[in-house]
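Structure provided below as structure tokens; questions to follow.
Chain IDs A, B and C follow the sequence of writing; residue 1 opens each chain.
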Amino acid sequence: MMDLSMQPGTFLFEAWQARWSLLNGLGVTMLSSLWSIVIATVCGTLMGVALAYGWWWLRLPARLYVDVMRGIPVLVLILFTYYGLALFGIDVSAFWAGIIALSAFATAHVAENLRGAVQSVPAGQMEAAKAIGLTFPKRLWYVILPQAFRRMLPPWVNTGLEIVKGTTLLSVIGVVELLLASQQIMARNYMIIDFYLLATVMYLIINFALAQLGGLLERRFSYLRY
Amino acid sequence: MIDYHFDWSVIARNWDSLLGALLLGLELAVISLAIGCVIGLAAAYARLSGRRWLAAPVWAYVEFIRCTPLLLLIFFIYFGLPEFDITFLDKTQSFVLTLSLYAGAYMSEVFRAGLASIPKQYVEAAKAIGMRPWQRQRYVVLPVMFRITLPSISNNLISLFKDTSLAAAIAVPELTFVARRINADTFRVMEVWLTVSAMYLVATYLIATLLRLLERRYATIR
Amino acid sequence: MTDTPLLRARGVRKSFGQVEVLKGIDLTVRQGQVVALIGASGSGKTTFLRCVNLLEEHDGGEILLDGEPVGYRGEGAARRRLSEARVSAQRARIGMVFQQFNLFPHLTAEENVMLGLTKVLGKDRAEARETAGHWLNRVGLAERRGHYPYQLSGGQQQRVAIARAVAMQPRLLLFDEVTSALDPELVAEVLGVMQSLAESGMTMLLVSHEMLFVRDVANHVVFMDQGKVAQAGPPREVFGRPESERLKNFLGRMHGIFGHFEE
């Protein structure tokens, strides 16, 4: 199965030795990305609707949240969450502290994208939905949100891409995701270039696929221009 | 929840180093943006040149940067270059190099869109009065494009400024690094991170406001 | 025709900021009647129509549908807006067709018609599909049921929009300049559908600039001018004996219709 000429010290040998660490790191990267995207999508959608249609006492804090989140570096959010939660005796692992921070950050982006998408749906759609007697929740659910979601898919995929890249920051608080896993391997075998390259290629594959998906969705739903 | 007593004296004691660190971050962002603009402009012209051998590598560069985590690039360049016996860059210079390459990719997309959106009449009018190709670019296309892309340039500057926080990972003493150090020394977690968050917020808000003013000044083209 | 009017408006007022757009409109629509609102743009026709369907909230007066106040309870200081659920239920009894069609772009023609049937009237999908099929057939688009709005011409979109409104079996159907956004060659197909609906006994209140259509199809014409009803009556009377200079001018501008009635 393996190349017999493979000696200790060659890249292939070291990579094979480290395969479980690498795969484990990749798994942590994928899992933390997935959790963050799911949480951010749910919370961001609710907040986006609040931004677009909420009463002022709902809209104002949502606006403030979005603007604050967009003005602070993600790394600071991650460090603040990590040290802050521990300080208040909330016992969460670095993994979950990181996911909370990443989700909090991405929620702001999803919310702002959804608000923009909702407000780009022409007013006539809401009126036509009113005219056939749909109540507000149904107007939102059956008429406005389906159109808004299709419009915000490309930026949503882009947010997903940013999250995948953002999970590397979890290495700073000790989460052994793909980047930190690679660095731990380098600390053993000193093959810096090889293993940074390997990690880069893995990120490239994930993110390039995501970017292509974004482009595909954009073309798929281009008919929703009015 | 524990009983937490705020003690802001730790901020007062470290205020000078915090402020200095903030300014260093700003400086890094501005320098990287400037270099990034040069790279981006060259890349945008290459993309639009219509020559495949020029456009294809630039496309690969842009996609590579967009799909690779910045932190990975920072480490790669900082720890990777010495492997090639390139050792004259200190950690700050290495970081600026990385952030410039990063900014260059994003700026090339901004400039490409900007160049593509310039109305044809402007170029034709410039031809009509006998301007040579480089003159058309220098006196017509670039000034117009600069005004069109100014809002995007502003957004990129703000992003880059926030990205300077990653320099902490290779011990460049910017704001996040200094904050972590104070945090580790004093354990005044809330004071440190609230202050640092507020400093980033105020700084991004100020940059945004200043650039908005600049945009208004140059907003002669619709 | 029965004696209780289907729709009765009394002293309806509406302002946008400082501008008073409706200055006390009185209007009655009886069962089976086709009432046309005509007048220059800015005379308040469309605003009145939108008040009937609660897309705008009128500031004063009242609008009664089958004797029941639309949108509000009580009068004067005690006037209170009805709950969202009640307002929606009232809207379901009034159909509306818009100038810009406003079809839902993410749904097919059939799904556009079905949405109200299933989500407002609570019909099951099979029944809703059958009803939708029936009405799409009535507007001559049975074979386009699976098309999305962007695959249809303006005239076809507007006919789907009519099917969507009429499938709800409303007591009253409102038409807001439904042919104004269409290319001239597509106007006839939409007017044809409207005429056939009128002949089948549908009660309709319409705003239109198609004077020939109004003359032939409406049984009651209301000329609105500067937020008031300036003249109302059968088309023969309004077109034939305009009482004011402003109506004469208005009709004169509507290409030669005026001359047609001068016998």
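We take it that a contact is a pair of C-beta atoms (placed from the backbone, for glycine too) under 8 Å apart; a residue touches a chain by one contact, two chains touch by 3 or more.
The model shown is predicted, which means the values in this text are computed figures rather than measured ones.
Engineer: Starting at subunit B, what is the smallest number of hops through touching chains needed to reach subunit C?
Structural biologist: Each step joins two touching chains, and the minimum needed here is 2.
Engineer: State the pair of chains with the top count of C-beta pairs in contact.
Structural biologist: The chain pair sharing the largest number of C-beta contacts is A-B.
Engineer: Find the most central chain, measuring centrality by the gap between its CA centroid and the centroid of all protein CA atoms shown.
Structural biologist: A
Engineer: Quick check for the class: compute each chain's Cα centroid; which one is farthest from the centroid of subunit B?
Structural biologist: C
Engineer: Between subunit B and subunit C, what's the gap in Å when you average each chain's C-alpha atoms?
Structural biologist: Here subunit B and subunit C have centroids separated by 56 Å.
Engineer: Starting from the mean Cα coordinates of subunit A and subunit C, work out the distance between those two points in Å.
Structural biologist: 47
Engineer: List the centre-to-centre spacing of subunit A and subunit B in whole Å, with centres computed as mean CA coordinates.
Structural biologist: Subunit A and subunit B have C-alpha centres separated by 21 Å.
Engineer: If we count contacts the way the header does, which residues on subunit A are in touch with subunit C in the complex?
Structural biologist: Contacts found on subunit A: 122, 124-125, 127-136, 138, 142-143, 146-147, 150, 223-224, 226.
Engineer: Which of the residues in subunit A come into contact with subunit B in the complex?
Structural biologist: By the definition above, subunit A touches subunit B via 68, 70-76, 79-80, 83-84, 87-89, 161, 164-169, 171-172, 179, 183, 192-193, 196, 199-200, 203-204, 207-208, 211.
Engineer: Show me the residue ranges of subunit B that touch subunit A in the complex, using the header's touch definition.
Structural biologist: 1-2, 4, 63-64, 66-72, 75-76, 79-80, 83, 162-166, 168-169, 176, 179-180, 183, 189-190, 193, 196-197, 200-201, 204-205
Engineer: Which stretch or stretches of subunit C touch subunit A in the complex?
Structural biologist: Those in contact with subunit A are residues 53-55, 84-85, 88-96, 98, 100, 102-106, 115-116, 119-120, 148, 150, 161, 164-165, 168.
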